[in-house]
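In the part that follows, the structures are each spelled out as structure tokens.
Look at the two complexes coming up: subunit A is in both, with subunit B in one and subunit C in the other.
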Partner chain A sequence: MKKKRSLPGLSPIAPPVDYGALVFAENDFEVVGTDIEKSMAMVRPSISYWRDAWRRLKMNKIAIACLIFIGIMAVGSVLMPLISPFTFREQHWDEVKLPMFTICTEPGAAGIGKLHIFGTDALGRDMWTRVWSGGQVSLFIGLMAAFTNFVLGMPYGLVSGFVGGRVDNVMMRIVEVINGIPYLIVVTLLMVVLPGGVTTIILAMAVVGWTGLARLVRGQVVSIKEQEYVIAAKTMGASRSRLIFRHIMPNTLSVVIVSLTMAIPGAIFTEAFLSFIGIGVQEPAASWGSLCQQAQSSVFMNTYLLLIPAAFICLTMLSLNLFGDALRNVLDPRMRK
Partner chain B sequence: MYKFIATRILYTVLALWLLATVTFFMMQAMPGDPFLKPKALPESVAKNVRAKWGLDKPVVIQYLVYLKNAAVGDFGYSYYYKGSRTVAQVIGAGFPASAELGLRSLVLAIFFGLLLGIIAALNSGKFADAFAMFLAILGVSVPAFVLAYLMQYFIAFKFSAALKPLLGFRLFPITGWKSEASKFLPVIALSFGSMATISRLMRSSMLDVITSDYIKTAKAKGLSRNAVILHHMLRNSLLPIVTVLGPMAAAILTGTFVIESIFGVPGMGRLYITSVQNQDYTVIMGTTLFYGAFLIFMNLLVDIAYGLIDPRIRLAD
Partner chain C sequence: MIDTNEVIFRLDDVACHFRVEGNKKLKAVDGVSLDIHRGETVGLVGESGCGKTTLGRLMARIYPVTRGSIEFEGKDIKDLDTKTSFDYCKKVQMIFQDPYASLNPRLTVGSIIGEGLEIHNLYEPAERQKRIYDILEMVGLNREQASRFPHEFSGGQRQRIGIARALAIEPEFIICDEPISALDVSIQAQILNLLTSLRSRFNLTYLFISHDLNVVKYISDRVAVMYLGVLAELSDSEKIYANPLHPYTKALLSAIPVPDPEKEKSRKRIILEGDVPSPINAPVGCTFCSRCPYAFERCLVERPVLKEVEPGHKVACHLYDSDSSAVPV
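Right after this comes the complex of A and B.
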């Protein structure tokens, strides 16, 4: 049913209608016509998905604060041990367990007269330097864990999801069996057998850590490959590699990025746990977890030795978790208001 | 349904076998030999000892014997504890305290986690929500050992000492596992992380449910607020919680390692750490397999429970 347009002024029969002060005459209106050019023109610049995500992330003050904090931690961990007057392994035998903000008086030390900002530990080592170089180790392990997850889990999930059928079935059953074995138990076992150190920790985490991401990517690929744009590309003769790398992989990235962001605090947690039970990072190297572990012996007397690395872990974890949450909200189109 | 359970059990057995195999070959790959110097034995004696322990047989035979023994829970003798204690005895001595600690924490974590999540979801966007979620994000950001130390220092050490003149006794002992008061802090420290995970999950799952159509229907047909919350929201939002129970059992279990050694609880976790530090390989192998089997079994139970609750899961398989 067509609705008849009844603008009073245009009606051929009706006389001009009086709307109080408003009086329309017949020639008050003219047909504008439809300007195709104009109606199709873009009023606002087109924004890509990533730019839009970044724009919305910037609106989240907490997320930006967390990002800045993580940045400070990362830069500090790289720079602070370099510019500190002390090294992380140098021992000042006359200055054991100094309180915070004590001036170094150790004869013969390179940093004599300089400040031990966080005091010294039970072996007379400068805590400020050790905490930052511990950050180097902890953050590096976190990043590497995310990286190895990506390198192993992403191709596995892509292949499994894309090929499908029997291959997919077998690959996912393998993942299921590996997934059945408790993660920390295997990592602990590997750490007992292999020589301790950062490489071993990363290796141990890589061996069992990738299954989660593989599952996630596979699930994404299975749903994406049935989407119209992929079918269209296929019909137009796109090669398999083009389908995977140009059409499927970029669309899994948002989920992958969130998962990797969350993998970093997870790995730092695991490392702290391993170092805490004494099979993680080996002396004299330090990580936040091993610093907490060393503070164990004098926890009631020199509580700051525990509190400082603990605060570093907690704040970094907090920022990473909050940032990951914000990232998830921003990258998920369903969260758009 | 039977097919679903059967495939789950098959995966469980496979995972157990894989874990046992990995454990065995990693112990084989370890450098060293029990008969190396400085305890060097005459060649003839060494030969007899090897024969006694079956170490002269090919690795494959050793592996099969190991699998057979492991299946019945026989992991041999501890290297470290004198007086020829078997690994099973060592584990048996530590298990009760750990099980009690773990179970108490699990119950506490589930109860308060659900409660916080529900409160947060029902007051979404208000102060209660913000407060509950702040607690939750804190819970996933603070490692258990940090929390345990903080509680030990500030509550068991400082606070109890401050209260002592008033009460006439120390409220919380610093370590130990005897009185109810001594169990209070370890259980809280252990459950905090899991509680946080549950409350976050419960909140988001509740929020999903609240906006769904059947809740509108339930409200529209005039059910009371409590009936809607209890019968329609809770039941449906509990589903995702069941899935995390498996990983959570693992988290609580590994949490016992540090909590037990900090609070001096005579459990398996502390035992595991000391055996790792003492390189007591038979005990490490035994406890690893015990823990692994326990967790794999937990996952099986969770999977089956989930299949029972949600028909979509077992139909998809």
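Right after this comes the complex of A and C.
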């Protein structure tokens, strides 16, 4: 049987409270007052937009992991070819298509006795060195594509959106024409006319790549210039350059940064594709795409020669895309808490 | 209130038309004449889409005037040269409706308020910071908040920042474009009181745009009622609330709820039929004729002009014409 519990507060006979002991004198209490200095000091520190964005980006573990991975790739691409005992163009004729983790026995080689970590390719070149040196080319092309997009697309979009009217109309029709020509045709034609190499790839991508950003910026500017804070600055007598550089441009930056982050993997992939079809980086220089292309002839015998650069491309693009997504979430004002 | 007879703004048959799809004209403002005297507050009321904001923006020179003229201190604002137009920017300021959209999210409050000082090169750069602090304290914020960003403030505080920005460059005339309609009622009163105290302190002149009749009654010396791009009635604040003449004003005022349930029960409301016509094809005659319970033939063909029927009480209605056969209601 359950025992019936009685609640102390509800017991019928309340224990008598002796209030006699609780007599307050007037000077028992004193006014603490408000300490202005103290109340100001307790206010949380002011956070700028970018610091707030960074704070929230740090909370996204995947984004941070991606950022670290991208960092490793970038640092590795710069350092690994330098500290490797082999160079990316050095051929070991006695060590063709070595499997992974084989010790170098080539007579006369500088790196004799050292490890070929990823083995060697069909010409006896060290894959470890070539993959990292290919990373240099691929990442550089990615960065340069983003940079040229920014340099060409941003001012174009700003002018088109800000001036508006007929100028905007003409400028946007030009963009549409450039956009209407298939991207690959432009790039292929340019590669045919110009000597192959990294510079040509970057140039080809710059010619066609900026239109997306220009459109994006133009759209942003058109909506921002109708915002009340821009109108307020205008009624205050602000000059055009002040309106653009102080009020409009800083407010487009978040969208631009996200778009540029997303442009880098796109450019890396385009370069890989161009190299794969043979019109990209020229021998003996390596890029991730050209490494894949060279590996395809012996794909069944030495699968790792294809898998390693392919994995580098995939993982780098995945990290950049995931990071770009996280950045979009963080920088979008509608996602603010 | 300092009431002088000096006219600061003279609007004469001002119109603003926008071209819309299909080459049609949207007549947002279509012939408004109004004098604003230095030191007074003119309330501009009307329902959504009647052109009150457009009129305010015409005066701030955000939109170009299609027809008629706006004179500021005796000069047409269309003919200002570079220098006088820059001065105009200093003298006429605007407070915006949406305190969330009217502050640049990337700037600190201090630089938002200080911007006008920079543009007009007021004060020595060293003194500007002090001026910003003074203004902040004047609108009831504290100086520590100058380094903060707009998103760290509440709606009422942001509107105070908007007011501080307009005040910083010592304007003479402020266009208040529905400055309180986005705020809570409790905050509305604070902002209204702030505006009133600043007016007497700096001898400001306000054009106060609102759709809240009680607010306009509280703050204005004169009230202009706007309907579909034209002024329907213009009078002293007390007169218009005590004795509205235009049928539209009557209907508008009868819609104000009374905070006494007994009186509220017996309150007679004038319910208007139909909707506001589109400003793309407004009626040829009186703009109100499609909804007016007293409309007669003349209203359909001839647009009434704003005429003084009592001293200081102007109305645009054929019912009050001396030669009209109709009986005024």
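Note that in this section the second predicted complex is superposed on the first by the 294 of 337 C-alpha atoms of A that agree within 3 Å, B and C clash if a C-alpha of one lies under 4 Å from a C-alpha of the other, contacts with A are read in each partner's own complex, and residues count from 1 in each chain.
Quick note on the criterion: a contact is a pair of C-beta atoms (placed from the backbone, for glycine too) under 8 Å apart; a residue touches a chain by one contact, two chains touch by 3 or more.
Being a predicted model, the structure only gives us computed values, none of them experimental.
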So, does A:I231 touch the first partner subunit B, the second partner subunit C, both, or neither? second
When the two structures are overlaid on chain A, which partner does A:A310 contact: first (subunit B), second (subunit C), both, or neither? first
So, does A:V170 touch the first partner subunit B, the second partner subunit C, both, or neither? neither
Touch check for A:Y183: first (subunit B), second (subunit C), both, or neither? first
Quick one: is A:V151 in contact with subunit B, with subunit C, with both, or with neither? Answer first, second, both or neither. neither
If you count the residues of subunit A that each partner touches, which comes out higher, subunit B or subunit C? B
Tell me which partner A:N251 touches in the superposition: subunit B (first), subunit C (second), both or neither. second
In the superposed arrangement, which partner chain does A:I62 touch: subunit B (first), subunit C (second), both, or neither? neither
Taking the superposition on A as described, I'd like to know which of subunit B and subunit C A:R242 touches: first, second, both or neither. second
Quick check: in the complex, which residue numbers of subunit B touch subunit A? 11-12, 14-15, 18-19, 22-23, 26-27, 29-30, 137-138, 140-143, 145-146, 149-150, 152-153, 157, 250, 253-254, 257-258, 261, 273, 276-277, 279, 284, 288, 291-292, 295-296, 299
Hey, which residues of subunit C end up touching subunit A in the complex? 60-62, 86, 89-90, 92-94, 96-98, 101-108, 115-116, 119-120, 142, 144, 147-149, 151-152, 162, 165, 169
Complex interface listing, subunit A residues touching subunit B: 173, 176-178, 180-186, 188-190, 192-193, 265, 269, 272-273, 276-279, 289, 292, 299-300, 303, 306, 310, 313-314, 317-318, 321-322, 325
Report the residues of subunit A in contact with subunit C in the complex, numbered from low to high. 40, 43, 46-49, 227-229, 231-239, 242, 246-247, 250-251, 333, 336
